[in-house]
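Lettered A, B, C, D, E and F in written order, each chain numbered from 1.
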Amino acid sequence: MIALLIRDLRLAFRAGGGFGLGLGFFLILAVLVPLGVGPDPVTLGIIAPGILWVGALLACLLSLDRLFALDHEDGSLDLLATSPIPLEGVVAVKALAHWGTTGLPLALAAPVLGILLNLPGAAYGTLMLSLILGTPALSMIGAFGAALTVGLKRGGLLLSLLVLPMYMPTLVFGAQAVTRAAQGLDPTTPLVLLAGITAGSIALLPFAAAFALRINLR
Amino acid sequence: MIALLIRDLRLAFRAGGGFGLGLGFFLILAVLVPLGVGPDPVTLGIIAPGILWVGALLACLLSLDRLFALDHEDGSLDLLATSPIPLEGVVAVKALAHWGTTGLPLALAAPVLGILLNLPGAAYGTLMLSLILGTPALSMIGAFGAALTVGLKRGGLLLSLLVLPMYMPTLVFGAQAVTRAAQGLDPTTPLVLLAGITAGSIALLPFAAAFALRINLR
Amino acid sequence: MEMRVTDLACARGGLPLIEGMSFTVAGGEALVLRGPNGSGKTTLLRTLAGLQPALSGEISCPPEQMTYGAHADGLKAVLSVAENLSFWAAIHGQRDIAPALAAMNLTELAERPAQTLSAGQKRRLGLARLLVTGRWLWVLDEPTVSLDAASVALFAAVVRGHLAQGGAALMATHIDLGLAEARVLELAPYKAALPVDPGFDEAFL
Amino acid sequence: MEMRVTDLACARGGLPLIEGMSFTVAGGEALVLRGPNGSGKTTLLRTLAGLQPALSGEISCPPEQMTYGAHADGLKAVLSVAENLSFWAAIHGQRDIAPALAAMNLTELAERPAQTLSAGQKRRLGLARLLVTGRWLWVLDEPTVSLDAASVALFAAVVRGHLAQGGAALMATHIDLGLAEARVLELAPYKAALPVDPGFDEAFL
Amino acid sequence: MASLWEYANPVKFMRLSNWLMPVSAVLAAALIAVGLYWGFFLTPDDYRQGATIKIIFLHVPAALMAINAWAMMLVTSLIWLIRRHHVSALAAKAAGPIGATMTLIALITGAIWGQPMWGTWWAWDPRLTSFLILFLFYVGYIALWSAIEDPDTAADLTAVLCLVGSVFAVLSRYAALFWNQGLHQGASLSVAPGTRMDWSYKGPLYLCMIGFVLLFVALVLAGTRTEIRARRSRALMTRERARA
Amino acid sequence: MPDLGTYATEVLLAYAVSLGLLALLITWTWARSRRVRRDLAALEARVTRV
C-alpha cells in the first residue's frame, strides 16, 4: 500500500509536477475572477470565500479524470486488481495520493490567494481549516466518480457531471464556514458538518468505488 | 479535411456525448458559484458576466487536453502527420470540431444560465454575441496549448497553466462587453476587440500549433 | 500445487466463446494455449485470473495464486526500469529486484525511464515483473510479442527456471516459444456452440 | 518508383544509433529489416517516414509517397471497423473500402466497434488501412504482431498483391513473414559507433 | 398468491404490463384531464396569489413525481444489485428520463410562478436549489446509462451511482437548508386537519396528483417494455453476429 | 375561458410549457417504443428464418 502511495506521489511529481500545477490552476483562477468580475474590492471580499472554494473544487476536479484512467490504459489496473492488495485499499491510497498532491497544497496556499481576492482578515484560519477538513472528501468523492467512468473514452466531462452535484454539500458547508468567519460569526457548525462528510466519504466510498472498478475491469 | 471534421464530431457525440457534457459542466458551474457565494441576487447580478465567461472558459479548457492526446496515444497522430492533409489543416479542423461541440452549444445555452445568476435583462444579447465571437479563439488557443503538451503524461494541468494566461485577453474583453451591456453602456469596442483576437488566432495559431505538433512527434 | 479447471465456460461481449473446457496445470508444467485470433484466449486467461466471471465451471485455484501478464505491460513511462520493477516487487511483498533485472537482461537499462525503451525492451521489463510476484502460476497472454530471438530464448530460460522451482505457466501464443517440453492445448475443440435461443427469458439470450 | 537511401544516420534520445546506411527499395520489391531489440528499427522507419529528422544522409523519396504502419494502429475504439477504415480512406482521397476489408478478412466484423475486437483483429484492421492509402511504399513496424498463422498468410498475400502492382514494402520484424522472396537487410553492420567527444563544441556531442 | 418476483421474468412482465400499461394510461389521462379542467376553469382565484394558484395543479404533482421517481429508481437499483433481475434494472433506466422531465416541469412551473410572486425567475431558495441538484443527478444518471456499451455493466454502475447519489441528494437538501432559509412555501397538504387549503383547490390537486402517479406508472411500464425489447434485440444481434 | 387577470401570461405559459414537456415525453416514449418494436420484429423474423 505504501509502495502504491509512493509510486503515485512520485508519478505526480515526476510527470510535470502534478502538485505545482494544481496550485497553478488555483492561482490563475484567483487571477481570472477579478479580471472577469471587475476590481471592486467590496464585491471581491464578499465573493472571495465562495470563489476560493469553487476554485479548490475545480482544481481537484481537473486532475481527477486521470486518477484511474492512466492505470487502466497501460494495464496496471488489471495487474493491481490481481495483486495482493484489496481494491478498496488501492482506491483509498489513490485518493490519498490525489489529496496529497492537490487538496493539501491548495489548503496551504489558499491564504495567499485570499489576499488577491480581498478576503477579510478574520477568515484566513477558517479558510485553511475548512479546506483541510473538506478537500479529502473532494478527493474521495472524485475517486468514486473516476472509478465509475474509468472505462470510458472522454470520461472527463461525464466525470465532472457526475461528481459536481455530489460536491455540492461539501462546497456549501466549506464556503459557509469561511463566509461566517469573514462576517465574524461562529463557523463551528459548518466545520463539524464538513468533517462529518469527509469521515462518511472515507468510510463508505472506497467500497462503492472498488465495486465500480471491478465492474469496469470485467 | 471534411472526413476529419466528421470523425471528430462523431467521436465527440459517440463517446458519451461530448457536447451535452460541455454544457453540463457550464450549467453545474453556474449552480456552484451561487452555492459558494451565497444567494444574494444583487451580488450575483454584478458578478454574473464575469462568472459566465470564466465558466465558458473552463468548460472549454476541460475538454482540451484530449484534443490531440487521444490521437497521440493510439498512434493516429503519427498517421495523420504522414497523411496528405497538412498538419495545419488538421489543427484547424480539430479546433473547429472542438468549438462546434463546446463553444457553440455553450453560447446558445448561456442565456439560461444568465437567469440562474440573475444577469440583468439588457445583457443577454451581448452575452450570446460575445461568446459566439470569443469562443473560437478559446478553442484555437487551446488547440495550440494542447499541441504544446501532447507528448506529456498528465499534460492536462500543465496545459491549463499554459493556456489560461493566453485566455486572459479574450476573457477580459468578453466579460467587459457583457458587463457594459448589463450596465446599459455600449459594448461595441470590446466586441470588436474580441472579434480581432479570434480572427488573429485563427489566422496564425494553426501554424504555431502544427509546428509544436511536429516537434512533439519527433 | 495444481490448478484444475473443470467444465469452464466463458463469454465476452455477452457471447459464449468457450465451453466445456477442462484441463489441469500442475507445478513444473508449462501449458501453451493455441487458437486463432478471436478464439477467446484472452477471455479465458482473464477469467482464470479472476478479472471477469466465468459463465459456469470450476477453477480450483484462487486468483491470489496466479499472476496475469496481459497484452499491455503496465509500465509507467516516467518511472525508470528499476522503479517500475521495485513497485511491483513491493506490491507483492518482495524486495530484491536484481535477479529479475539480470534474468531479463535489463541491468544496463535499469536507470532508463520506461518511455525511452524500445518495444522489445518494454516487453522484457513486463516479463521481469513475473519474477518479482513470487506467485507459482503465471498466466501469460502472448508474452513474446516484439521480442527478438535472443530475448525469446532468455524468456524460455526464465520460464524453465520457474518450472524447475515448482512453478507453472499457462501461455497463449501464436509463435514458437522455444519451450519444447510445454504441453499444447488447442482451444478449437472447446468453441462454444451457439446457445439455443431460450426466447424471451431472464437471460435474454 | 524507387527509394534510395544514401549514407543515412539516425539518432534516438540524442544518441546516434545507425550510421552509414545505404540501400534501395524499388517497386515490386519487399525488404525485411532485421535487428535485435533496441537496435534502431523503429527509429529508422520513423526517420524514413519523415516523423523525425535524419542526422545526416539522403532519402530520395519524399514521405508523401510512403505510408507508415507503427507499433500502434491508430484505431478509434468507439468507431466501427468500417468507420475507422473509411476515415483513413477519405483522408487519402479514396472511397471504396470493401476490397481492403475483404483482403484482411474483416468483412464480417465491419459493423463492430473497434474496442470489441481481439488483439489480432485490431491488428488486421490496422493493416487494412495500408490498402486504402493508395501509396506505393509501405513502411511497416512489426506488422504481424499478435496475428495467428492464417492471418500472417493473409498479410503475406496482401503484400504480394501490392508488390505485383508495382508497390514496395519495407518491414521491420522479428518473426517469419512467409515472404520468401523478400530481401533481408540486417541492421547490425550499420550500428553507430560512439561518437568521439568533440569537446565543448557547437554540437555538444 | 404467487411471489411478486415472478414479474422479474421478462415474459411475465410483458404479459402483465400489456394490460396494466394501457389501463393506467387511460386512467391517468382521465384524471389529469378532469383535474386540470376543474383546476383551470372552475377554481376561484386565490385572494393573495390571484390566478397564479392555478399553477399549483401542475407544479405540485410534478414535484411529487420528481422525488418519487428517484425513490423508485433507488428501490429498483437495489433489487438489481441484490437479486439481479434484469427487468428491475431496465425499469430504473426507463424511469430516468421520466423523472428528469418531471423535475424539469416542477422547476419551470416554479420559475414561472416565481416571477409574479417573488419578482424573479430564479431565487436561490433551498427547495429550488435542491431540485436543481436533483435535476443534475438525473442528467448524470441518464448520461452514464448512455455512455456505457455493455448493458450489464451500465446497469451495475448506474445502480451504484443511484445509491451513492441518493445519499448525496439528501445531504444536498440539508446543505441547502443550512445555506439559506428561503422563500418557498412549506408543506401545507401534509398537515391534514385544520388545513389551510380549501377543497376547491384540494380536489383538483388530489386528482392531478393521482393522475401524475398513474401517468408515471404508465410511462415507466411503457419504457420498461421498450428497454426489454431493445435488450432482446441486442441479444439477437449478438447471436446473429456469432453465427456469421 | 376564465379571467386570469394580470397573471394570464404566467399561468398560460406554465400550462403550455408543462403540457408541452409532457407531450414531448409521451411522444418520445411512444416513438421509441414503436421503433424498437419494429426493429425487434424484423430481427426475430430474420433470425428465426435462418
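Throughout what follows, a residue touches a chain if its C-beta (ideal position, glycine included) is under 8 Å from a C-beta of that chain, and two chains touch if they have at least 3 such contacts.
Only a predicted model underlies this, so the values are computations on that prediction, with no experimental measurement involved.
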- prompt: Chains shared as neighbours by chain B and chain C?
  reply: A, D, E
Message: So, comparing C-alpha centroids, which chain is the farthest one from chain C?
response: F
Query: Over half of the interface residue numbers used by both chain A and chain B, so same, or under half, so different?
result: same
Chains most often in contact, by C-beta pairs: A-B
Message: Suppose each chain is reduced to the average of its Cα coordinates; what separation in Å results between chain C and chain F?
response: 52
Query: Centre to centre, by mean C-alpha position, how many angstrom separate chain C and chain E?
result: 48
Field: CA centroid of chain E to CA centroid of chain F, Å
entry: 15
Statement: Per the C-alpha centroid definition, the whole-Å distance linking chain A and chain B comes out as 23
- line: In chain E, the residues touching two or more other chains are 133, 136, 139-140, 143, 147, 179, 232, 239, 241, 243
Message: Please output the residue numbers of chain B that touch at least 2 other chains, ranges allowed.
response: 11, 15-16, 21, 24, 28, 31, 35, 38, 73, 153
Field: Sequence positions of chain F contacting 2 or more other chains
entry: 47
Statement: In the complex, chain C touches chain E at residues 13-15, 194, 197, 199-202, 204-205
Message: Give the list of chain C residues in touch with chain A in this complex.
response: 46, 49-53, 63-64, 66-68, 70-79, 83, 86-88, 90-93, 129
- request: Name, in rising order, each residue of chain E that touches chain C in their complex.
  value: 8-11, 14, 85-86, 150-152, 231-232, 234-235, 238-239, 241-243
Task: Note which residues of chain A are touching chain C in the complex, please.
output: 2-4, 7, 10-11, 14-15, 71, 73-76, 78-85, 217-218
Statement: chain E contacts chain F in the complex at 36, 40-41, 45, 50-52, 54-55, 58-59, 62, 97-98, 101, 104-105, 108-109, 112-113, 115-116, 215, 219, 222-223, 225-226, 229-230, 232-233, 236-237, 239-240, 243
